[in-house]
């Protein structure tokens, strides 16, 4: 089974993106950081109790699935949109949603546009991706608007072209908009329009055929979300071991033997929270308001706070 | 001094001694006159040229030096209205740009490889340095083997040779191993060697009457191959570093150097093939050359990544870097072949005849007479190809290999350094690095060209 | 210059006009030349009258070619003055072009244009320099090609001719500009004995028409037959200058004697 | 057995057998692999709706067109860049190459710097440089530079009026065609007269007059059937008219100047390979330096220049695949990029792309080789 | 072959061995050759004895070079047989190599290797073909360079030598292989008169040592002085073959008479 292979290897091979600010990018020391990366570390924490036992493979959009199919990587945590065709026809399983994203527009304030529906005739800068260009085309066609699209290979050139006035609007996933905004000469002169023209639930993927491994990856995320819901953080998790709240006890492993079902130790969730943190911590650390990206929780808030992050209970 | 008669008769009585030349055209003014303002149109051109320089240089200097930011820890330092290059960004990412994701504890291995490379290359490049033979051997044979062991960690765990693929060896040897070396592999290797030697002997016998030469050649090749594999298979206790973790300048140099070294012999062979009198050999060479020359390197690398695995037996999945290396080498070889062909065409027939008349064999003639001259003639073309190759290494990003530029692009995605000038700074720095290497090659080739030119040295 | 547009009516060349006061075709006074530090020409003094035919000889490397090349400014001299056809050679490009139009040159290595046919080689300069209509230029070229006995080669390329034929084309090409002065640099080197004869015959016939000629050659037969004066050079200097009979029968200078003794073996 | 003929036959048979065995192995493996991975193959996808927009289309195209149409658009865009880039690269390359041999020190220095700088920097940087430099130099559409209120230059490109053909256009076009023909014939006659009489013929002016004047008269006669759709600033952008987009300009300029640096080196090598004697001979005939260059040196240098020049043309064409960096929709961006991303049919798409480039390259090679044969020297 | 490894001990060359039954060095019987449709050599019959010295002359394009080049198979003949040193020339590569080792050739255009020094030019073949140790080869080369009087040029490159010096290097290079037969193709064309003399002197001294020589030349002085036999060729055929005195004083064929009359002007 995958778990045994991974244990034998001594590390998890995790596919990440080749560089997406806040999700997976190398930091000054050459370590991969970001939301997607931290999730891989969470899985490593669950399996090994050690976040360093993970190796990263940067993958392009084109070879990410092949890498998974061929077993080069154990888990793919690389902003991959969950769609039915990918879930069913590629021999893969999506394990959950680490980030609810959607394609949006950014525009200069002085254009005095408040809605994407006023964009008729605009020039649109975008990065070639799997669906970005199609989404724009569909949106403008559905609303009977004219447009001109200029598609670049990388985000860096796209934002430069937009900044220099080549385009009226810049479109990409909203997380991307926040990241690229940092590179604008005057970030405050630009606004993000309210419309979201596509649903982009991004989540980790594993390959078909090993349900145990599928469960481990799935529940690693659920454990983080549950931890946030229960108020368990990496700072207070040690105290939480003494908690009497049965829900907390089940999560940190002081009650029940839920780890066994996954083939792991019963402290699996404890390790995740201890070493990586709960979902909120992970979010805030990588993309939250205190980071340069300054992304509000929005749809990624807990269901209790009006967002979509909801995890089945541990019991 | 001399006798001159009315009828034009003249006899010199005393020979003149050579005098030093007059110093008329020396001095700054003389030089300026002659070189800059020798005519009106020349003067106009001179002034236009100076204006052009005055137009380009100042903004460049301002961005790179005057307005540049020199210290800081994150993006905050480089924000602002009139900011030039953001050098702290480069400083923060410098190690990555050189080593990629190579584990920081193991970077001494890369340093050692760099150091050895320079130490062996410099005496090779200095034409007057003695011991060229030993030096070439060290650089072209010993160094690559050593570099391979150092960079990857060696201990490749050789398991399958030719027969192994057909599942034949397992039965005989199983998984037994001695001192970490798998017996199955080595048995397989020996049998394959014997088979190949035999085949070579047969072919040689058919073609030239005596198969001994071909057989010993093959035996030597296999012995070399075996020795190298053996070395690579030994466990030196170095940590294994996958090529995936390599990156930055390291990858750029590995690809460029391997590409250059591998494409030369291949290109020469192709050029000779294209000029061969044997129609099939010629046709194959032409097809090969025109194919590789006709398609963009991007698609070649695409091919290597997405399609090559399809053409190989199931389960054989060569390393990504290796695929890129092969692609780059074949691509460059096609260009080199065309350049070399040009050189071969320029060698007068008399040189061939001179060599033949002395009783040299074909290979001696090529090696000793024709190729040295042809290659010297086309040094500029070869270096042009190398410069292109060096710059084209950036395309390996497609194969998920982070070369120098790829690593830079990855660094751009760090939100901690996302500023309006990050991109320009990065590209300016990369531009300088690429320029240094390419310009070095171009100048060195000029120097060699002059040195090897034996025709007009008085 | 004035008769540039007239075509040759008969087989005869028009006689060379000698404007008054211009009876000196070429005059070199105290000419020195250096190649870098190397002193090639040392104090050359030479006066060539119109219609005179001068043969220059001397050992290899003595500066014969260099001197000839200075006369139409293919090389620059550093000291002294050279006056050709009444015009002094300076850096003035206009004047140099003017002089080159009047001075024909026939190179040691022919220097034919390999990408042009023989006819085109000959008509190139008349058309572009003399602005002669193409038809006239071709007629003129054929006239001279006939004179050097290779009219049938007009359509071929230089690469298709034998050495001797190329040599003759070079002469015809120079003549097509109807120069007042002709410079020949070893016009018979690298030729077969039979060819040598033909080329020399061509030159003799030119000489008979009264053209001013300076010719570097070692064909002593030619010198005897045609030259008004023989000049012997060595080490960048004119050693001896005399009329042919005296030169051959009674050389004065030691160096000349030695040289002649080796040639006439 | 020592007969070279026998030897060569054995060698060739061995080579052929090797190639066939290798090829067979490849094909066999591919068959097996394809079957095993159940990868969809075939070119049916070319009929599917593309569903994405393209910023520059030389033939009509919209989001509802097929992938096949997008493919065609990509090819045409690539060809456009290649042809125009080659044209300018050749001109700049020759000028710089000749400039490197100039007597003027400053010109020589500038040309050397040009070559060393542009040749040794990656073309990607140069294209980006031109793109961002061009963009930053241009005003936004509202402040666009207007040329007589007819054409506009802004950071959206250069917009010019688009001709709309009404009734009677045929006549105007015919007269235009006639004028061109007449100019060509007249030119030939003029050259002949020049050769015959030596008098020059003012071809430029007469030709211009003909080509502009005749259609103008025809227009007046037919009452101006050709109207122009003037570009207008509407909302964000200019509407109507024809547009040259900045991506195209930057890519073409970048590729042309980059390739020109290589061509310049080839030209220099070619010129220096023409022996000094040729220049001397031309000079001694009284030809001025301009004529000498044009009539004697360059024609001979061409022999040396053409083979590497062909390589450079191929390189320029292939480097046009860098287009995607500046958002120009060339073949690789549109087809091997967006289309590949959307359909995932890597094998077919990469194979087709390689095929297209191969065909373009081979056509270029054939044309250049034909020309090369024509300028080859005739020798014994 | 057997003495290949011995070095020359003194200034004298070892006497040429003549194995019994091999007193004929070169024999051409009914040789024909075509270049495409062009019949260059027509029924050539020639027997050269060991130690014989033969001069071949004739007008340009008569096939002299072609014949010489057939003898060491730089050109292939289509009909007839050529036997060199007892070995018949066929397509057998081994044999051709064997013969080329024994036949030295000195080309009309020298064909020196410009990328090698003079010494390297001379030692190349002894080292790679005769497998001689480098030191011995160099000693041998210096021996012959001394013989042609240019030992001081050994370290230079061919491009740095004057034509006459290059010519002598070409001779020395051929001799270093210690060939039994030497072929010379116009060894004095394109040389200065002073140089011609030096080259011919070298050849005379070789001839005196008894080497078999075939020499294409128009230097009749050389023919008179050295040759055993003079062969006159025209239009691809041998027209006349005689010993020198008879040849010059009393040519038989009309064509020969015409040719000689033009040379001895």
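Order of writing sets the labels: A, B, C, D and E. Residues in every chain begin at 1.
One rule holds for everything that comes next: a contact is a pair of C-beta atoms (placed from the backbone, for glycine too) under 8 Å apart; a residue touches a chain by one contact, two chains touch by 3 or more.
Which chain is which protein? Per UniProt: B, D = Amino acid ABC transporter permease; C, E = Arginine ABC transporter ATP-binding protein.
Quick caveat, the model's predicted, so the values are computed rather than measured.
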The chains touching both subunit D and subunit E are B, C
Least step count from subunit C to subunit D, where 1 means the two chains touch: 1
Dominant interface by contact count, named by its two chains: B-D
So the chain most remote from subunit E by C-alpha centre is A
Quick check for you: compute each chain's CA centroid and the global CA centroid, then name the chain with the smallest gap between them. B
Using Cα averages as centroids, what's the distance between subunit A and subunit E in whole Å? 86
Could you put a whole-Å number on the gap between the CA centroids of subunit A and subunit D? 44
Using mean C-alpha positions as chain centres, tell me how far subunit B is from subunit C in Å, no decimals. 53
Chain centre separation in whole Å, for subunit C relative to subunit A (CA means): 88
Which subunit D residues reach two or more other chains? 2, 7, 128, 346
Would you please write down the residue numbers of subunit B that are in contact with two or more other chains? 306
For subunit E, give me the residues that contact two or more of the other chains. none
Under the stated contact criterion, what part of subunit E meets subunit B in this complex? 69, 72, 74, 97, 100-101, 103-105, 107, 109, 111-115, 124-125, 128-129, 157-160, 173-174, 177
Spell out the residues on subunit A that touch subunit D in their complex, using ranges where they run on. 61-62, 111, 119-123, 125, 128-131, 133-134, 136-138, 140-141, 147-154, 157-158, 160-161, 164-166, 168
Where on subunit A does subunit B make contact in their complex? 18-22, 25-30, 57-60, 62-63, 66, 70, 154-156, 160, 163, 179-180, 182-185, 291-293
Give the list of subunit E residues in touch with subunit C in this complex. 59-61, 162, 189-190, 192-195, 197, 218, 221, 259, 262-263, 265
Under the definition above, what is the set of subunit B residues touching subunit C in their complex? 7-12, 15-16, 18-22, 24, 39
